[in-house]
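Okay, so chain A shows up in both of these, paired with chain B first and chain C after.
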Partner chain A sequence: MKRNIRFILLLIKLKLSHMMVFRLSFFIGFFADGMLFAVQLLTFQIIFGQVDSIGNWGQGEMLIFIGTFSMINGLNMFIYFFGVSNIPRLIRTGGLDLYITKPVNPLLRLTFENVNLGSAPLLIFSGVIVAYGVSVLGAEVTAPLLTGYITLTLLMTLLYYDMEVILRTLPFFFIGTSAIDRLEGELIMLNFKVPGVIYQGVFKIIFYFILPYGIMATVPTQALSRTLTAGGLLQALAVVVFFTVFALWFWKFGLKHYKSASS
Partner chain B sequence: MNVITTQGLSKIYKRFEKEAGLKGSVKSLFNRKFTEKHAVSAFDLNIEKGEFVGLIGPNGAGKTTLVKMLTGIIAPTSGEISVLGYYPNKLENAFKKQYAVVMGQKSQLFFELTPTDTFRLFKELYAIPDDLYKRNVGYFVELFGVSQFLNVQVRTLSLGERMKMELIVALLHSPGVLFLDEPTIGLDAASQRQMRLFLKEVNREKGTTILLTSHYMEDVRSLCPRSIVIGGGAKIYDGSTDNLFDSYQTRKKITLAFDTETDFTVPYNCELIDKSPYKVVFMAPKDGDARLISTLAQEYTPIDISAEEEDIGAVVERIYAGGMNR
Partner chain C sequence: MKKYMAFSKIFFKAQIIYRFDVAVTAIEALGRILFAWLIWGAVFAGRDVVGGFTFRSMLLYYVVSSCIATLDICFGVSSEINHEVRNGLYTKFMVIPINQQLYWLSKNLGVVSYLAMFVLPVALISGWLFGAGGYAGQPAAAILGLLMIPLGLAFMVTFHFFIGIHAFKFHDVGFFIYFQSALVQFTQGGVIPINLLPDTVLNILRLLPFPHVIYTPSMLLIGGMDFREGLFSAGVLIVWLAGMSAAAQFAYKRLRIKYDGVGI
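This part shows the complex of A and B:
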């Protein structure tokens, strides 16, 4: 464990060194992610500015929801997105050979070798929006509640990671997965705009248990607004545990079926 | 003691086939046809500790597939395999710490950073103790004479300098077995020579077992006392490299130059390569070449006459064509 942490820290240092080689790109990264957040806020204004509530959620919950989704997405971009999104290319080109032959879990290395400091402002802005949402809601935030919210947000970031790993493990078995990438993008955008509380029936089953993007920002928001039930919490934890175990198993299963590429 | 053992090792790939054109593509949507490609077939191999073995074969012969199975990158379809006592595709870290692989066409270096940055990553990857790390970096950097390149961007290094760094990176953790897949590809003659000297030194001084795959027959001839020739996934020769070339390098290239126009008649049993009024090049059997040269010198009085060893690539082609088993 200690060795893995040292290894992760070294990967992050090397990535930062790499980013700083390209000074302009380094600073443009901050700018680009800041702009992305601004666009998201604008979208929120356009879509939700015209209504007072969605489902039984008011403006405060909606602000927390948008801020939370943005934070999960920011953590994803900050820590692992650029590493994990490399997996299909490495599988297709045989570049994974050099990861497999090293005495460290290839997924651990891939996860942390492309951290993106440019996403840091997105996390800060997201935090500000969540805080504003709490003030609009007029809710009292105690230390245990805040700790619970942060823990659930991190768990949902793990769930987001699990989904990314599962989808990017598919190229071990199929060559063309661009349609799946597009589907993932659409599902994320949909669930960024629509809180999970409005899903009913089959949609709830799909977005809570099969493609669980619907619970990612919803559950932490419910926790912070004190509307999360014990059953809802247990259900969310079970989904995270299941998808984490499945993602790790599926990755190992994919590695066993790795065919490399002709040199 | 054997460090690498395989018995009846095979790898079969399934390949999708379809008829040409749109009609074939539509048909393939509903009726998919697969054929089997036997990349490696019933391969038996034993390599002892400290050996330097060359693996020779044309493109698609199965060399790289074999190396990928030995390093655990891909799983065999059938057969037994043991490297350093491990089943490679179990991908155990304890196994991965004991070997290294260098692929001439895949770099392990960070191109935008310095070689030292990559060395540091590998120190962590392999948990190399400080003293061993310092000792190995010092030893290899001096051996290769690359101290002036340690803190410059990898991107700015020449291919030869970069390959030296690739080898240093691979050897930092003192691996027991080193797999080299085309390590001299693209290098100029001088860099290839340097690389060979270095590899010879590593094999001798560190006792590292080395399995070398190369298209450059000179690599194999000058480095590997033992050669394995692979063709169509099967082993067609396994034995002494000298014996391989003695047995199959059966011809010499003879060149004669004249100062006047000469009508040259190609001797019996020789193959004409090039002919002009002032020069002729042909292949002649190696046995009796001295007598033939002497006869030609008397008959045509050329101003220059030379005899060269046959291109080694052609020798290997002959082995494939013969499908020799030893």
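This part shows the complex of A and C:
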């Protein structure tokens, strides 16, 4: 464990040195996603200019929802996105050889080798949106509630990671996966905009259990607005545990099918 | 003109190789319509009209606007130019005796023509699937709306060409490409109909080209805007297209001499 932490810190240090070469690119992730969320906020401000509620949610819940999804996405960009997104290219070009021959878990290295500190401001921005949402909602935030919210947000970031790893493990079996990447992007964008509480019937099954993007920001939002039931919490935890176990198994299974550059 | 038509044909044919990707791109429009169906379904619960739209006319707006947005693949123009310039590979375009701007326009024409073959059935199927409303406007306005689609797409290609060639000077314009993308998409009316915005903002936006790329043609095609208003918008778009073309030509002549390419 200690060795892994030392390794992660070394990867971050290396990445920082690399980022200093392309200083302007440093904040690309932040501005791209920052603008996306600013537009998202504006969109819902306009909708709430016309109506009082969407589903059972008012403006406060919606602001917390947007801030939470922005935070999960910020953590994703900050920690692992740029590393994990390299997996299909490495599989296709045989570059994964360099990872599996090193005396360290290849997934650990891939996860942390492209940490993007430029996304850090997005986390602050998201925190401000969440805080504003709480004030609009008029909710009382106690220390246990805040701890619960943070824990759930981190768990949902893990779920986001699981989904990314699962989808990027598919190139072990298929050559062309750009369509899968784009469909993933569309699904994420859809769930950034549509709160999970709106889903009914088949959409609820799809976005809560099969492609669980629908619960990622919804569950922490429900926790903070005190509308999360015990059943809902247990269900969300079960989904996170299942997808984490499955992602790790699927990655190992995929590695066994890796054909390498030289074979 | 013949050589540019040849480019269009080549890129049209090239899309056949990537037909699965093209089909997925077209199906992406369904994602936006699904969003509209879910979110506006919740908004319209217990209400008949929101911002002048009924639920069915709102869905029709999203069906049409999503399909036009799917045809707007101009983001690739600035990204590709930026990438090629940054890697010193733009030389391959500069050594051919062509007008750069017309090359990118003809390339996009080829790709978009192929994409349109998938987008049209998606529009019809999704309109039927989600129960969108039917057309209820003037035929002249609908024809104007159809004519404005290629004009708007041509403007977007020129706009992205203009952004892309600034990589000659700044070496990497990826920062600006990403920065403007969400904002432009919003002002185009690709996220929500912009007539839900306050009047002051709307009056300013009417003078910009972006709303006339998606919002205006969509409104003309669903019967939500009259012909005279559409004519004014078309005029604004034409003026911007001419201005942006001139600016892009001028910028290319000035900036290309700053390029350090491979093989030069």
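Observations
Everything that follows uses one rule, which is that the second predicted complex is superposed on the first by the 232 of 263 C-alpha atoms of A that agree within 3 Å, B and C clash if a C-alpha of one lies under 4 Å from a C-alpha of the other, contacts with A are read in each partner's own complex, and residues count from 1 in each chain.
Convention: a residue touches a chain if its C-beta (ideal position, glycine included) is under 8 Å from a C-beta of that chain, and two chains touch if they have at least 3 such contacts.
Since the structure is predicted, the reported quantities are computational estimates derived from the model, not experimental observations.
In the superposition on chain A, contact of A:L187 is made with chain C only, not with chain B. Touch criterion met: A:Y199 reaches chain C, while chain B stays clear of it.
Using the contact criterion defined above for the overlaid structures, shared-chain residue A:P103 touches chain B, although it does not reach chain C.
In the superposition on chain A, A:L10 makes contact with chain B only, while chain C stays out of contact range.
For chain A, the partner with contacts to more residues, out of chain B and chain C, is C. In the three-chain superposition model, chain A touches both chain B and chain C at residues 22. Across the complex, chain C is touched by residues 22, 24-25, 27-28, 31-32, 35-36, 38-39, 42-43, 46-47, 49-51, 54-55, 176, 178-179, 182-183, 186-187, 189-190, 193-194, 198-199, 203 of chain A. Residues 13, 64, 68, 71-75, 89, 91, 93-94, 96-97, 99, 101, 103, 105-106, 108, 110, 112-113, 117, 120-121, 124-127, 153, 181-182 of chain B touch chain A in their complex.
Of all the residues in chain C, the ones that touch chain A in their complex are 20-21, 24-25, 28, 31, 34-35, 38-39, 41-43, 45, 47, 50-51, 172, 174-175, 178-179, 181-183, 185-186, 191-192, 196-197.
Taken together, the chain A residues at the contact with chain B in this complex read 3, 6-7, 10-11, 14, 17-18, 21-22, 94-95, 97-98, 100-104, 255-256, 258-260, 262-263.
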